[in-house]
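Next come two complexes, and both contain chain A; in the first it sits with chain B, in the second with chain C.
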Partner chain A sequence: MIPVYRKAVTGILAATFALAVTGSAVAPALAADPGVTDTEIVLGGTHPYSGPASAYGNIGKGIGAYFSYVNDRGGVNGRKIKYIDKDDGYSPPQAVQIVHQLVEQDKVFAIFDTLGTAVNTAIRPYLNQNGVPHMFVATGASTWGKDYQKFPWTIGWQPDYQAEAALYAQDILQNHPKAKIGVLYQNDDYGEDYNAGLKRGLGKHQEMIVKMASYETTDPNVSSQVSTLKAAGCDTFMIFATPKFAIQSMVAAAQQSWHPTTYLNNVSAAVPFMNAASKAGGPAAVAGVISTIYLKDPANHARYAGDAGMKFYNEIMAKYLPTADKDDGNYLYGVSIGYTMVDVLKRAGKDLTRKKVMDIATNLVEKDNPLAYPGVVIRTSPTFRYPITQMITARWLATDWSPTGLLVDTRSMTMAENK
Partner chain B sequence: MHDLAQQIVSGLATGSIFASMALALVLIYRSMGVINFAQGELAMFSTYVAWQLVQMGVPMWGAFFITIVVAFAGGVLLERLVIRPVERAPQLTLVIVTLGLFTAINGLAGWFWGYVVKPFPTPFPTTPLQIGGVAFSAQDVGVIVVSLVTLGLISLFFQKTKLGLAMRAAALYPDQSRVLGIRVGWMLALGWGLASVVGAISGIMIAPVVFLDPNMMQSVIVYAFAAAVLGGIESPIGAVVGGLILGVVLNLLGTYVEAIGNELRLAAALAIIVAVLVIKPSGLFGRATVQRV
Partner chain C sequence: MARAIRVGIAVVVIAILPAIVPSFVVFDFIYVAAYAIAILGLIILTGMNGQISLGHGAFMALGGYVVAVLAHNLGWPYWVGVPLAALASGAFGLVIGAIALRLAGVYLALATFSLAVATPSFLKHYKSITGGFGGLSLDAVKAPAGLPTSGQQWLYYVAWAIAGAAFLASALIVRGKFGRALRALRDNPIAAISFGVNPYSYKTLAFGWSAVLSGIAGAFLAMTTAYVSPDTFTFALSITLLIGAVLGGMMTFWGALVGAIVIEFLPLVAQQVNAGAPSVVYGVTLILMMLFVPDGIVGGLQRLTRRLVRRVPSPTAFEPSVPAAASMAVDQPTRE
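Now for the complex of A and B:
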């Protein structure tokens, strides 16, 4: 970003701080919870429709499409869902401001699927002070599951980054016990979460990590970092990056004739990204890369040709987002998480309160999410709030992800860690 | 030693990205005396035009030349429609207008083409090259060569043609030029057209490396500012040399200076801007600054 903006951002930050102080004086909802009438449930959300993470804006559109689908079939227990979804530009101060508006002016019943670790960290205290459900946030930071006692109104959804990285560590210990690991990570909470998980997974074998190189989201490319890891003699490459930098790093490795065993974090492993890397760096850049899967992949037409869930997704996309590129996994993520939200609202019944919805969300066993990877169950308890803990490692074979081994549940591992 | 050579080579490759963008910044500065904050976004938009052409089946180099024509027309049009009305306004107004353009063009590109990162075909071969164990790609060499050729053509244009001379005159002495029969307004429009062309070339060269998305230039443009200031904001040669130096220096600082590391790369670039402005405001290749009156 251009430095001129920094000042503006600080200004907004100061303004929102002032708002936050006055805003917290607003009394929590009394008897009837806001946002629910006989005919309507109002939900609020924010997504980055502009700014550096705007590719994820399609998640919001996927949710919108699914809610339209549900509404056209009579809604949830007779009520239509009204989803007020706004652009936060991936900026925490902006998100804080919008969430205040959603809660105080639009009187939403719950905040659903706000995206990004920084954004959700910024809005979490306010929502918890006011007892507004802060549900199924679109980020895999471990804090959503870990800090539930302090923030009981907040819950995540996707697998947490630490568990994912720990899974890679297990794979390394099993299949490459002599690996010399080089890590490329984004220098913020997101990257640090992965690093923590990797170290935890390696346990007493942490010395296997030979070199760690960080990048900033302001860097134009990461070829220098890749050379550093190569020069350090690493033969195993962990990529804990956002999509653009992940693509760049795979291409850079190929161009420097470095062919390590590569592990790529799930967030950056969508098929279009792999194709992009393959096109730019040649097929060798992506051959055999290892990642994880927990949702179905809409770009993998062959694997899901006869799949009922994928058919359901394609129908929704064809009807409600006909011009969108349905191969983009972000839409599928949106439909899938929208399904969980509607599921929870349905189970909460006709007599809807915020507290009841949180109770359902934290006592959930959802086995039929049509877009979760086959076998993945979305499961929570009041003391274990990591809805998706199952993943399967997969290897990139020419044109798609091919699952290797079995579905692994990181639940017990995360439980042990949190004790 | 081998690692050092690799870092220098990859620094040159990154530096050539900064250089090509800095060149476009310098061109606008020379013709109007302002920094165009929308320069990167214009380049990004042109790159999308090229991408669209390739998608429609136009061969890569064909798309390249069509895009250049489109970019030139677009640059001229933008100057006529948006900049012209505020041409005589204070510099700050111009800067704000270019900032507005920045946001508008970014949003427009997102609206047309979406925000998903797209691969952009490289016009060069993709097989990695090696000399003495140092790896680089044809793409890296290509970007440097194309930047140098662009620089050469621009220098020729400004030094050897009547039109180039008229453009320089219009920028430096608008009133006198008018008396001599130079159509100053059109010279400015031409300047925008040219800068837009250089930006388009730069975008097409950069996109295979940083990948195409509406925000692709935002990480590049700050470094391009630094490169332009380092080389001398008035000097096309300075922009190219400044870009290459910046690329190499940042890589070396990031790799070998523990205190800076990869974390403070951007800060180091900004420190270079400040240092140059304090110690030698005209940059490495600039002459004493000329104020636009």
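Now for the complex of A and C:
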């Protein structure tokens, strides 16, 4: 059989050489920007419709609903938006493959709202190399704002986790200067960003952190981590966790008769989660918990009953996603970020180029996003690319988040950090 | 000589593919090469030797991270990194293989599964080396100066050349005594041992070789994506590899090629069929294939051609096709 293999190998080598010599495959020069015709703008995106983070897939559906709404009203400057949204399973290699396909086959104008830190880190070099806008990525890591010089075609949208945590640190220093802090965090980039922000916010008072406990997303529950924090004598409880684990930790604390001052990250603060924790652990489990808000909460029917933005959201959901649970904040996130995207495309005008769209996205002042918390302005500059920096702290009072104090802008804090 | 023709056709198709398909499909086929190498290892280990591994994603992770760490932290070139990835992964495979000797069947499957589950946490923990959760970004592979190909085409040909070498080396290794011993240990260990086959060395070596292949595959996965992170090597990857091996066909090397194409493209096709529930389409496809071609696509094709061409009664799915198929791939060339 050896000769056959030898033939095969010779064949491979010959063919390789032949093609290597004749093949011409350098990326084609981009004369006119792809993805824009007289009637259409093609955008591409990926979301985890399967896999461990599939709950976030609803963001993509919310975006699709909003784009349908816009298209039914004539589109953007006469062009309809075609959004090609695919499942990446939260896997970086899969996302890279899909993005290659979106750029090279579907010839998208821009990539919009790809989700997850690892996924976006993986596709960022390729998109920047090819000058494809990589816009409003759905992750709160600080790198999107910080590393713009190296990756000028990439921009984030939501507040970065570090800024949110730094805000909690400020609140602690002001209102609980003698706090003994215990931190529960998810053992990944998400939890790590929160920890970094907390430490940064505490500055020279970092010794206030008495104990840190981590969990893996594969853990069944976090009650042992909670009892570790309690045993360490902590009286202030930072929950840097995704919804399932956040609910568990509030319930576990109540069950262990531990009643610290609790700070809960924004990701897990939607009203249904609070109600779930209250049901399982009693009202004491959630009473007085502190969190932050930057978008409106669709499950908060009482507060937003007469709100025009919420009416707009409900209308879109009823028409384009009638069977979806519109209380799920992921849909609202999708509609809200879709609004910013359409806003940018509108401002770019009829004569649409990739460069122009990036210029507008990095010189943006959007005051009228209907689903941002009242007063939140989405604002960027070429050298400061953190679109949302405003948040308000709020306290849970029995059935609702009650804002405490004023809207805080973490902009100057982040600027100082980046210097 | 039928096999020579098939190999020849495969080589020609692979060689001319970049000239006829769009560049993103070429890109997909680099992943196919990587998966084919990894699945080949599983076919030798599981198909030929009967050791079930649900943890080969861990060896891919090791290979991928060896290349990535050497390139990212030390600036070493890929042509140094890939052989070292193969060596490191192989050494680790020998260690795990030695432990695996004490376990069989579902116990081995579970033990290797725990390896796959632990890998992401392990990678996160040693963040000074692995970059932690954020992973390591790599430079895209570039073609050597003077060659008129894109980096992607260059990587494609290198990946498939290495895949070809892996198939050839594996065929040479498992033909003859070594392969017979592996199969004998799978089918009837007591008889094999009483004929003087040392189960410890053969089983450990099979594990080690399959780990070498997985390490190389992981290295190419890393270079192609130009990025590694713990999310790249979740336990789902290990399961996907086994799915590829089973769907392709465990009993012949062709199964690796077919299985790799299936796991690369089935998720993409499933999305086109139904964008709302790709995993349902994926799952239903798997169930149907297990019902109708339990010996894998290649096994099914073999039965089909046998029925059509030779007009001999088709053997039932499982037993008879095993020795027949196994012989096809590696041993007893006279049957062809």
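The definition used in the following text is that the second predicted complex is superposed on the first by the 391 of 419 C-alpha atoms of A that agree within 3 Å, B and C clash if a C-alpha of one lies under 4 Å from a C-alpha of the other, contacts with A are read in each partner's own complex, and residues count from 1 in each chain.
Simple rule for what comes next: a contact is a pair of C-beta atoms (placed from the backbone, for glycine too) under 8 Å apart; a residue touches a chain by one contact, two chains touch by 3 or more.
If you're wondering where the values come from, they're calculated on a predicted model, not measured in any experiment.
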Of the two partner chains, chain B (first) and chain C (second), which one does A:50 touch, if any: first, second, both, or neither? both
Return first, second, both or neither, reflecting whether A:105 touches chain B, chain C, both chains, or no partner chain. second
Touching A:389 in the superposition: chain B (first), chain C (second), both, neither? neither
Tell me the contact category for A:227 with respect to chain B and chain C: first, second, both or neither. first
Scan A:255 for contacts with chain B and chain C and give back first, second, both or neither. first
Does chain B (first) or chain C (second) touch A:325, or do both, or does neither? first
I want to verify the contact counts: of chain B and chain C, which reaches more residues of chain A? C
Classify the contacts of A:125 with the two partner chains as first (chain B alone), second (chain C alone), both, or neither. second
Quick one: classify A:91 as touching chain B (first), chain C (second), both or neither. second
Between chain B and chain C, whom does A:216 touch in the aligned arrangement: first, second, both, or neither? both
So chain A touches chain B in one structure and chain C in the other; where do those two contact lists coincide? 1, 4, 50-52, 187, 216, 218
Which bits of chain A are touching chain C when the two form their complex? 1, 4-5, 7-9, 11-13, 15-16, 18-27, 49-52, 85-87, 89-94, 96-98, 100-101, 103-105, 116-119, 121-122, 125-126, 129, 141, 143, 187-190, 192, 216, 218
Of chain B, residues touching chain A in the complex: 2-3, 6-7, 10-11, 13-14, 17-18, 37, 99, 102, 106-107, 110, 114-122, 126-128, 130, 135-137, 139, 208-211, 213-215, 218-223, 251, 254-255, 261-263, 265-266, 270
Chain B-facing residues of chain A, complex: 1-4, 50-52, 54-55, 57-58, 187, 213-221, 223-225, 227-228, 230-231, 243-244, 247-248, 254-257, 272-273, 275-277, 279-282, 325, 328, 330
Spell out the residues on chain C that touch chain A in their complex, using ranges where they run on. 1, 3-4, 7-8, 11-12, 14-16, 18-19, 22-24, 26-28, 31, 117, 121, 124, 132-135, 137, 140, 147-150, 152-154, 157, 160-161, 164, 168, 171-172, 175, 221, 224-227, 229-232, 234, 236, 267-268, 271, 275-276, 278-279, 333
